[in-house]
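For reference, the structure is listed below as structure tokens.
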């Protein structure tokens, strides 16, 4: 088992509300429920997954294997913010390697990705974010940043950001 | 790793009768495999069949005949008293010495006190051939019908309820029909635990679109597959079934054609239903009236619907009424005698069907031919060439009572363990201690064995040949894959050897004598006296079993029963009253106790607690609803003492919402926390079966336990 | 370049959050017309126009629409907006710039197919697009374009968005169904095809976003209008995604069959970097590279298939001669290994073996026999994989090696030596 | 042509078969053996291993014989060069990734098709795990030997047991059979029916008794 969850009581309340809404809805609502739960909890621990499984009446292992399959779901702790740098061919041609390097340096993580030691930010190298016309491109959580330059990275990922 | 040989045979655990292959290497079972093409399990097994047969290699197997050390030739025997252990109480003996001693004692007691002073337990785990010879021995050489077996403690309620309404107690549909069910109702059966491989077919049926109604106080796994779940209060089954019948009659959902052609007493029965409204049933059972209506409509409007039930229906002082209520429902809707439509008591033991078929009952000869019918009796007397006792014998629990009264002086027990299975064990123990003589024939020294004067070591299912009959009436082969350990011998050999000695001492000669050229010859004789089996030969069932009735060798066997009406002629509607359970919770004993089975153990645990199965469920665990756990209070893993008016046991808590609020569940597999120390021994008046599902108990925290699992 | 955009006419013009604005720019005229002529007539239009699926497979949409229309019982319409092909971004531009057009397309398709429930499956990496479409759906419910008795036509439709969660394979239609059903995105075996047994085992019409919005002008202007664009065997307007070393990367709408050179030099403003064209990747990672001498090819399904390339989702990824083509190939190989669902052995194992060999190629450490091995692995994936992902996982690499003059002895691509 | 029979051609041999049967079944009627791995007659055919692929004239790709059903006038080649290349390469890739020491049938197939797993080099990634998982009294799981045929997952789920103890971790090459958060079996919904053990073709699942025996 991975790390246990530590949720604040507002998080617990929000999670309960989500589960209540999806109760008995079945597998067709598993992905929406996981998205919403993860938006509250940051990552999907065993307890949360167990509760989701019960609420939706979906087998436990199905919840697990679905999280394992989709890269946007996490079953281990990640940073509170997630930086995804696109490294598809157009972004590569536009210098995504430099962007990755700048992010890794800024966060003190490996260039293959990882979470900063303060647990604040996770860097991911993404195989395609679908913004090829804005290469090089990165996303910080849901915010899009096109035509990004290495020099902007400290600002984007800095303490104040 | 390749095995040295692969022997196809039949699983020794439950009534499903899965076909297994024992893969033998170096005279040990290397693994169990199964043939994907063979009925009834088509390659599927449960944990017991696949991993639980290693008990045959357990070091505590009985390997030599044993005689109590305190027996002195020529001196009167001490009464049956529990020995501290096998080693302290017994000495090894030769087969000649042991069998002579048994024959001498039984012959002497029969001589002095009459045959009815002897009680015999045949065995729902032994083969058809073993049981046929056993009952023949008892009836012809001991001249008594005091023969019974553990079916009394499981499906007697069903048998009584079915016999008085339709005249047959066998499961009417087949396992192969299950996947194609239209609608079915499961009640009082935790099928996934008790008949795991049947449960697979039932789940498949739901996958294939069947509608399932579960009526059960416990949140069993099948509830997850159910269209409707009616959670009645324990003991209120009849109320729910009657109210369903009320709905079917008042909404005219019944099958007029079937009622007219195949039943009697409909008018009186319909009139008797008037007070049993769904609203009344809601009061009694706690099931919302609307759900009862939905269930009734679902069942009645089905194209075809099958009823499945287990111990929750039968093991009750109203077991016969429960079963009759179900029969009434089936007859109302004409859901009987057709594909996917019928009455299906799921049989427990691997050969409980066969043991009853072979006449291992106090009131019938092989093929359910009544002892009390003079013509029948004359037929058997002629067939066997001896006079037979005209009196019905005593049932299992009645025999224990008769011992207490001194009317029965000796027990001969093959493969059963009354000291675990009898209700109100304290009373049973006191009774057994009255016995002048007891002989046990078994593969392990179970709880009862330590009371015996003589213990005879038998071969296990893996070491002998014969047939078992599964719950769907399929007669299947059992084949020896190993040699018995030490001096142990197949039951049939032991019985025939004993019979020869008894025959000589009693001066009784049967027509066939007691020399048979193996089990096949015994089976041929069964066919001669019981026509339903005549068409089944060892050759025909070499690969896959045949379902009786099978009257001749061209007959393919019978998939489902009653296509042409029921054996009674017309099915009799059976008006019922609702009776609450005899013992209900009160202030002193505020919880209801239900007992039953776990997936991982089998009955008294004689086999499974000597296998890998014991590693996954080594300790007695009591299931308690979370609300009750808060009330007691107790938590997962705590020890609690469970006390009834008759005794107390200690078990570890598992908090689970499988049990409803107010009812706790204790499995009956653990001698160190024997559930039957708590249960009542009041009997159903018709079926003579005790109630294992309704006992008032109190629960208190316990600091320590005194469990000792001693495997003799 | 005299072509006037129709599919993207409103993008950048209307307020994507305003239903009123959409209506003011012709929105929902197509739906009203569709309802006026009835489902069968709509299907006839789609069939006569010979609309080919824009997601990449180029299957005639009319056949699908008709097949689902003719099925009985509950059925579904699914808009495939799981646009995850590297180089593709057209659907996102539509959803962010003109989300109501997608919703209208879904309503028309559902109306024609007689479906009462539709899903729009949008990749999880498109939060803005999801927000825009979500907002558009809500507005449509409020205005009576969705829900019960739509426009008084006695037709009901519920639409839900499904947000993907990072799996390229879910763009494969049956994997997408699995995903909506709450499972891993494992593609199913075909047959049965979605029109018989799709989402929840029911008949399902699934079309790409671009395909669905093709229905809007088609319904209004008719098949003759539609077929004036492009060649007769793959007609209509087309969205092209220009990216890479081109002066003006972005979404281009032009007739089907527009010459590639026109897309690159006129719409795209020419090649950047060295300024000299090294090659073009058509169809994305699942597509094929073509060499500079093939630059005049017409960009339509049939023509590209003839030259062992693919229009796919309309990707035009441009590489100048100074581009690090090995780095690009490495990314393509890693992309497939990363996105293989792992269901069938050829793809599950082959994408890994392909990565290993391409990594060696990129590091100039190719071993003897590696190229032959790569070819066999690629052939096996192409021939034996269950779905399009595995079947196309080797195409770009194979065409690069063939068309860019890879010289094993030097480890150089001739085309990219300058 | 009676509706209950159709003509097809398998490896040049024309024969009449019932419509709707699989290519595999039709081939058996023709006396042609097609190798299989993931296919099990009692389970849903998922056609994941693709060892049984055949060439069907007119089809762009090869077709899995276990799941593909015959149609009138189908012309099928079960042993063409293209088919053999696919089978050999799949077997080679498999042997380079997984421990097949307990799968003699697959070893024999590899030899029959002239496969050489060493072509991928000694540094080719293998799926290896930290030892054998022996977390319950009944069976062990040795995933070094797992080929991902799916049979165990299928019997645990809708094909047989409906227990859903087994599922998948990861994807692509890194797919593994797994439990909920990798919990040991007794902490899962497993009921130890062992039906997974009964269908495992490569010795990855094995009775504990047999495993301790030394096999």
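Per-chain residue numbering starts at 1, and chain names A, B, C and D are given in the order in which the chains are listed.
The rule is short, and it goes like this: contacts are C-beta pairs under 8 Å (C-beta built on N, C-alpha and C of every residue); 3 or more make two chains touch, one makes a residue touch a chain.
Because the structure is a prediction, the values reported are computed rather than measured.
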Next item on the list: Please give the intersection of the contact partners of chain A with those of chain D.
Entry: C
Checklist line | Between chain A and chain B, centroid-to-centroid distance (C-alpha), Å | finding: 57
Margin query: What's the distance between the Cα centroids of chain A and chain C, rounded to whole Å?
Written below: 25
Item checked: Centroid distance [mean C-alpha coordinates] between chain C and chain B, Å -> 64
Check: In whole angstrom, how far does the Cα centroid of chain C sit from the Cα centroid of chain D?
Finding: 32
Next item on the list: Indicate the residues of chain C shared as contacts by at least two other chains.
Entry: 167, 184, 338-339, 341
Notebook entry, point to check: What are the residues of chain B that contact at least two other chains?
Noted result: none
Item checked: Per-residue overlap in chain A, given as positions that touch at least 2 other chains -> 62, 65, 68-69
Next item on the list: Please list, in label order, each pair of chains that touches.
Entry: A-C, A-D, B-D, C-D
Note to self: Show me the residue ranges of chain B that touch chain D in the complex, using the header's touch definition.
What the structure shows: 1, 25, 29-34, 36, 42-47, 50-51, 54, 192, 196, 200, 203, 207, 225, 599-600, 612-613, 615-616
Checklist line | Parts of chain D lying in touch with chain C, wherever the complex brings them together | finding: 45-51, 53, 61-62, 64, 67, 82, 85-86, 89-90, 93-94, 96-97, 119-121, 123-125, 147-148, 168, 170-175
Checklist line | Residue ranges of chain C in contact with chain D within the complex | finding: 167, 184, 189, 337-353, 356, 367, 369, 373, 376-377, 379-380, 382-386, 391
Next item on the list: Going by the contact rule at the top, pick out the chain A residues touching chain C in the complex.
Entry: 26-32, 34-35, 56, 58, 62, 65-66, 68-73, 84, 87-90, 92-93, 126-133, 135, 139, 142, 144
Margin query: Quick check on the complex: what are the chain C residues that touch chain A?
Written below: 83-89, 92, 123-128, 162-168, 179-185, 200, 241-245, 249-251, 273, 281, 285, 317, 319, 323-324, 327-328, 331-332, 334-335, 338-339, 341
